[in-house]
Amino acid sequence: MRRQQGWTALVMLACAIGISGCGRSSETRRELGALKAQIAALKLQAQATQDWTAIANLQASYGYYVDKMRWDDAADLFARDATLEIAGRGLFEGQDRIRTYLHALGKLERGTLFNHMQLQPVIHLEPDGNSAKARWRTFMQVGHLGKEARWGEATYENEYVKEEGIWKIRKLHGFITFYVEFDKGWNKGGVALPQKLDNLDPDAPPTVSYGAFPDVFVPPYHYSNPVSGRGS
Amino acid sequence: MRRQQGWTALVMLACAIGISGCGRSSETRRELGALKAQIAALKLQAQATQDWTAIANLQASYGYYVDKMRWDDAADLFARDATLEIAGRGLFEGQDRIRTYLHALGKLERGTLFNHMQLQPVIHLEPDGNSAKARWRTFMQVGHLGKEARWGEATYENEYVKEEGIWKIRKLHGFITFYVEFDKGWNKGGVALPQKLDNLDPDAPPTVSYGAFPDVFVPPYHYSNPVSGRGS
Amino acid sequence: MRRQQGWTALVMLACAIGISGCGRSSETRRELGALKAQIAALKLQAQATQDWTAIANLQASYGYYVDKMRWDDAADLFARDATLEIAGRGLFEGQDRIRTYLHALGKLERGTLFNHMQLQPVIHLEPDGNSAKARWRTFMQVGHLGKEARWGEATYENEYVKEEGIWKIRKLHGFITFYVEFDKGWNKGGVALPQKLDNLDPDAPPTVSYGAFPDVFVPPYHYSNPVSGRGS
C-alpha cells in the first residue's frame, strides 16, 4: 500500500504536469477567444473604412458618367428600389424611372458641357454594415455652344446600400443651392430651374420645398454635429 | 529500488508526454504572441486609416456649416484650446474667441452666398494616434444679391486632436491665394481683403505675413516631399 | 506484473491526460491556423484601404506642387520609368523628361495664377498590392496679371506604383475637357491649347487623339461599371 501510494503520488505528479498542460490550454483558449474577439472587431473596423472608400469611388464614378451623359451607366449604379430627387423636380421611384429621368436630361453632342464635379464627402456607415448615408456637393459647369453657359452647385444627401457585396446608390437627393449665368454671377440673381423635364411627371411631388439662390436654404443633415452631438 | 526506477521511468514517460504537451503549449504561446503583435500592428494601421476618413469627414462638415453660417456648429468642431487664423486677420485663441470671430463673419439671409468647398486633402496621422495634420484648400463663391460677387481660394494648413475618441480641429490656418471679382478675373488683379472684422481685434498678430494674388506665396507645408523626403 | 499493469494503467491515465492535452493542442493549432488566415486577409484589406488614402494624399500633393510651379518636387513624385501625357502634347518618358516638360510650363512670379485643384478620385488598388489606377479631375484657374485669365478642367487617368513601400506616380495622363477665357465661358467656345511647349518635342506622339470643348470626348475609363460590370 505504501509503495502504491508512492507511485500514486508520482502519477499524481504526472497528472499535475498534465493538468498544468490542461491549465495552459485553458489559458490558450481564453487567449484565443480574446484574439478572435479582437479580430472580429478589427474586421468590422477595416470593412467600414474600406466601405468609406468604396462609396467615395461609387459617387465619384456617378459624377464622371453624368458629365458625359452616359445615362445607362449612371442608372446602373442605383439599386432596383432606389429613389432620385433633384432640383425640386419631384421624386422618381425605382431604377427604371431613374433611368427615364436621366435620359430626359439630354444627349451628349458637340458643344455640350455638363460637368458635375462630385466633392466634399461626409460619409457615415451604418452599424449594420450594409447601408450608409453621405453628404456631397456637386459643382456644375453646364451649357451649350451658342446657347447658355452656367455655373451651379447642389448639395446631395444620399443613401447607399450594399447588395451581394456591391455598394449601390439607394437614394440620391440633390438640393440646388445656386445656378447662375456664367457672366452674371450671384449678385444679379439666379437662373430659374425648369420644374419639369420634357413633360416628364415625377412619381411623387418633391419631399422638400425650397428655393435656390437668392433664397437661402440649409439642406437637412443626415448627421448630428460630430463633436457636440447637437442637431441633425 | 529497481522497480521504483522502472515506475519512475514510466512516470518520466508520462512527464515526457506532459512536457511534450508543454512543448506544444510553448509553441502555442509563441504563436499567440506573434498573432498578438500582428493584431496590435493591424489595429494601429486600421485605426490610422479610419482616422484619415474621420478627419476628412470632420473638415468637410466644417465646410458645410461655414457655407450656411452655422457658426455655433462650426465653433463646436474646435478643441477648447484651438487656434484660428484666416486671411492675415491675426490669431484667435481658444474655442470661445473662435466662436466670436466666426459670428463676426455675418448672418445668413436672403441673397447671401458663402460657399466654402473643402477640397484636396493631404492628411497625415501622427504616430501618437491622437493628433494629425492636414493640408486642404477651399474654393469660395461669396457675395450678396445686389452687392458683391467673388471667387476665391485659400489653402489650409490645419491640425487635429482626438479627445475622448472624437476628432476636433486644433488649429485652422487659412492662406488666401486669390480673391477676385466674379466678372473681372485674375488678369485684372484681386480684391483687397478686410484686415479686420467689425473692429474685432485678434489675440495676436498674424503668425505669417504674405500677400494674396497678384502676390505669390507658397503656404508652408506640414510635410516633406512624400517621395524624395526633401523640404517641408 | 499485476501491480506493474496497475501502474501502467495509471500511467496510461496520465498519458490520457497528456493526450487530452495534445488533443486540445490540435484544436489550438486548427484555431491558430484559422486566425492566421483571417489576419492575413485583414492585412491585405487594411493595407489596400490605407493605400487608397496614401494615393489620395500623393495626387493631392502633386496638385499643390503644380499650383506653385515647384517642378522638382512635382517631378520627384514620379517613378524613374514613369510617363506623362497632357493636353495632346505627346508622351514624355521617364522622370528626367517629365522634369524637363514640367519646367517648360513656366516659373512662378508675381501675377501668376496656376491653380490645379485635384478632385473626385476613383482609386482602384491592383491585387498585387504594389500598383493602382485612378481617375481624377483637375479644375484649373490659370493666368497672369495683365495677360490672360482662364478656367479649365482636365480628367486624369493615372497609374501608381509602390516602390520600397513608397507610392509614386507611374503614369499621368490628363485629358483637357474644357479651357475657356475667364469672361467668355463655354457658350462662346474654348481657347486653343498650345500643342508644344517652348519647342519641346515629345518622346512619342499622343497615344490618344481628341479635341477639347466644344468637341466632346469621353476619356477612357480604367474600370468597368462598378455595379453592372459593363464597359471599361
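Every chain is named by a letter (A, B and C) in the order it is written, and numbering of its residues begins at 1.
In this text, a residue touches a chain if its C-beta (ideal position, glycine included) is under 8 Å from a C-beta of that chain, and two chains touch if they have at least 3 such contacts.
Keep in mind that this is a model prediction, so the values were computed, not measured.
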Relative orientation of copies subunit A and subunit B, as a Cα rotation angle in degrees, nearest 5: 120
Interface composition of copies subunit B and subunit C: same or different, split at half: different
Approximate Å spacing (C-alpha centroids) for the pair subunit B, subunit C: 21
Residues of subunit B touching at least two other chains: 7, 11, 14, 17-18, 21, 25, 28, 32, 35, 39, 42, 46, 49, 53, 119, 139, 183
In the complex with subunit C, residue positions of subunit A that touch it: 4, 7-8, 11, 14-15, 17-19, 21-22, 25, 28-29, 32, 35-36, 39, 42-43, 46-47, 49-50, 53, 56-58, 60-61, 63-64, 67-68, 70, 73, 76-77, 108-113, 115, 117-119, 139, 141, 143-149, 166-168, 182-183
Residues of subunit C touching subunit A in the complex: 3, 6-7, 10-11, 13-14, 17-18, 20-21, 24-25, 28, 31-32, 35, 38-39, 42, 45-46, 48-49, 52-53, 119-124, 135, 137, 139, 151, 153, 155, 177-178, 183, 185-189, 213-216, 218, 221, 223, 225-228, 230-231
